[in-house]
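Chains: A, B and C, in written order; residue numbering restarts at 1 for each.
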Amino acid sequence: MIPRPDADSEDRVIFLRDAKFTYESGVEALKGVTLVIDKGEYLAVVGGNGSGKTTLAKHLNGLLRPTGGQVLVMGVQASTRTVAELARVVGYVFQNPDHQLFCRTVHDEVSFGPANIGLDGPEVKRRADRAIAVMNLSDIRDRPPLSLTLGLRRRVSIASVIAMEPQVLVLDEPTTGLDAREADELMAIIRRLNDEGTTIVLITHEMKLVAEHANRVVVMMDGKVVLDSDTRGAFSDLGLLRRSKLLPPPVTQLAHRLSQIGVSKDILTPQELVFELTRGDDQ
Amino acid sequence: MVFRSEFVVLMPCSTAPQVRFNVYPCHVVSVGVAEDEQRDVVKEKPRILSGGDSKFVSPRTVALYGVLTALTAAITYMTVIPFPPTRGYFNLGEAMVFFSAFTFGWRAGAICGGVGSAAADLLAGFGMFAPTTLVAKGAEGLVAGTIGRMKGGKPWAYALGIICGGACMITTYFLSEWLLLDFGLGAAIAEIPTNIAQVTIGGAVGTLLSHYVKQSMPSLGR
Amino acid sequence: MTGFLDLYSEKDTFLHRLDPRVKLLAVALISVLAFILTELLYLVVLLCFILLLLVLARSSYGKAFFALKFVVRFMILITLLWPLFDRSGAPVLFSIGPLDITEPAVWRGATSAVRVGCFATLWYILMFTTSQRDLVRALVKLGLRFDYGLALAISFRFIPTFGLTIESIKDAQRARALELDKGSILRRSRNYVSILVPTIVYALRTADTLALTLQSRAYGAFSNRTYLREIRMRASDYVAMTVVVLILLLPALAKYIYGVQI
């Protein structure tokens, strides 16, 4: 909740200071959010339906402007920049890939963003090719994107955003509707992007993904950030999670149940639990 | 096989193994999906069902017409590019009229164009124009759909369709505003340039849309 | 423009309770009356009567203001434009360069403006007091085939949905650095293609699902279908209908049979 003291301004890519937002309909979706995101972080934003995650994310690239407080992107007031300008820095992947796809081929689709930000031909092509390679889409680069399966369509939509080579990538529920294998593949690719230095902001309802991938968790409830900690710490307070309409992944729940027999509560993955239990046997 | 009171879950095979830990006593059926499975989209050309024991048009047609009509209205309403003269708005609704006509034929063009645009007028509060719009845009869709799809939709046919359809629309509005609604010659003439711009741009965008959408959804066919 | 202002509001006035068919008839007949009246005075009386109905419709101030703003703007525009194109008549009031503004033309402009005010306000009252559902029902009762009525109902149902879809798609493309409010009208329209294509594809997929839904809910299984809610004319509806018919009939008789100048 409080900006972390070690957040030195060089590394700070996004800074929300007491950001508030009220929709025209009168819904107060953000009630004063303060949040610092550093370069290279893998941040998960979680919270119940209607807690304001999407609203928060839309502030990061200027699709929504705060009605109170400030949003700074790379140290610059977001309100002084157009969405098109911010899009070079903050890529936003919408939940529904079908809301983005319209071109004849995957390659055209991926080139759309870079062309919009006024790059020249060869550079557009370089970026599009790179994005297609990163998302493993080379085989289908000439297929019409709308006829692909959901998993592939989602990858195309992500490719079309990372082709603009943003420093921050915001993903709004990227795995909904995907089966386990597609989701795993997607998450592996996102992991790789993060390893290469892209800051990831992942909005999701799946705690398993959060536990396995994120290194920091922000829990939202009713338009406020109620918890901001590293992933391990986030899952130790079951009461708070429950009040935010969330459940930790089954493994962590199991670990909480097993805590009487000495299992530590901050288990995130099955491997850790196995390790913890076998260690218990040794003793 | 499904038994009475059974709880059956259909899911892709790769997710199925996780479900075994589920608390519900259920019967999991894993279904494999071909990698490059094409999505099922509106395949049939809309047509009036002949024969059968139903005197209604097919459900596909009802759904298609309903949705196209809603689209026309929503796009008319949402894509307003401010422009001063009489009706006070320049919009891309025209593009949807031409799109429906070129993609699905004159019947869709007439119904969706006419009703959709009239509905937009009603909802936006220009109800007074709704009857005129119904006739004007309906005629536009009908004419554009008939001419534009001649000879399998050659470029000149589209162009001719846009010109004739647009002429019908502009004339209808002009006559109605001049003689029926009695705005006076001045106001009726003042709207003609907006309408011409709207037809030109709407026609171009509508043709592009028809082209793009047919390409993205090959199953739409001709 | 975001979202739709729903003109209709749920109230319990006699205008709301009136059979929608009678309301449609009233809009048509009173429009005809406005059309045949030529004297400014009588048109003003008619407009006052219609405004009284608007008050009786008890719409919220916001909506009434929205409607009146449009109507008044329109009336002013017509009053101003009329004399520019109609330069007949004797006393020239004043001249702007080569243009002579004559007194009869100004009066005719005002007359036309009031008439248009009547037309416009009538439709507002209809939309303020009639839900879309009732409108469709009335049309079906008036002879629109059930299947087309259903298509119409479906379309009313989906207009706001597609409105939201368009908004969302707009945002999605803006996030890919698309700039909609830049450049000429031609360029902007071209940019809209990237919004309209996903919208249309989404809509056609919706149509696909919808067709299956209709089938699975036994659409068209029987030709003689029944309806859960029937609209029925009540005594008050007949009274209202008679009044509306008389409102048209009496002035029409006066004008065309007895030759009264109205």
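Definition applied: a contact is a pair of C-beta atoms (placed from the backbone, for glycine too) under 8 Å apart; a residue touches a chain by one contact, two chains touch by 3 or more.
It should be emphasised that the depicted structure is a prediction, and the values quoted were computed from it without experimental measurement.
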| item | value |
| --- | --- |
| Overall pattern in which the protein chains touch one another (line/ring/star/complete/other) | complete |
| Identifier of the chain whose CA centre is least distant from the whole-structure CA centre | B |
| Winner on C-beta contact pairs when B-C is weighed against A-B | B-C |
| Geometric centre distance via CA averages, subunit C-subunit A, whole Å | 46 |
| Gap in Å, rounded to a whole number, between the CA centres of subunit C and subunit B | 21 |
| Whole-Å gap between the CA centroids of subunit A and subunit B | 36 |
| Overlap residues in subunit B, where contacts from two or more other chains coincide | 39, 212, 216-217 |
| Interface hub residues of subunit A, defined as touching at least two other chains | 101-102, 146 |
| Residue list for subunit C, restricted to those that touch at least two other chains | 165, 193, 197, 201, 205 |
| Residue ranges of subunit B in contact with subunit C within the complex | 39-42, 53-71, 73-75, 77-81, 86, 88, 90, 92, 95-96, 99, 111, 115-116, 119, 122-123, 125-128, 130, 180-187, 189-190, 197, 201, 204-205, 208-209, 212-213, 216-217, 220 |
| Touching residues (chain side subunit B, partner subunit A) in the complex | 11-15, 17-18, 21, 33, 35-39, 212, 215-218 |
| Complex interface listing, subunit A residues touching subunit C | 24-25, 58, 61, 63, 82-84, 87-88, 91-92, 94, 96, 98-102, 112-113, 116-117, 146, 160-161, 164 |
| Residue numbers on subunit C that touch subunit B, as the complex places them | 1, 4, 7, 35, 66-67, 70, 73-74, 77-78, 81-82, 84-86, 108-109, 112, 115-116, 119-120, 122-124, 126-127, 145-148, 150-163, 165-167, 185-186, 188-190, 192-193, 196-197, 199-201, 203-208, 210-212, 214-215, 219-221, 223 |
| For the subunit A and subunit B complex, residues of the former touching the latter | 101-102, 104, 144-149, 179-182, 250 |
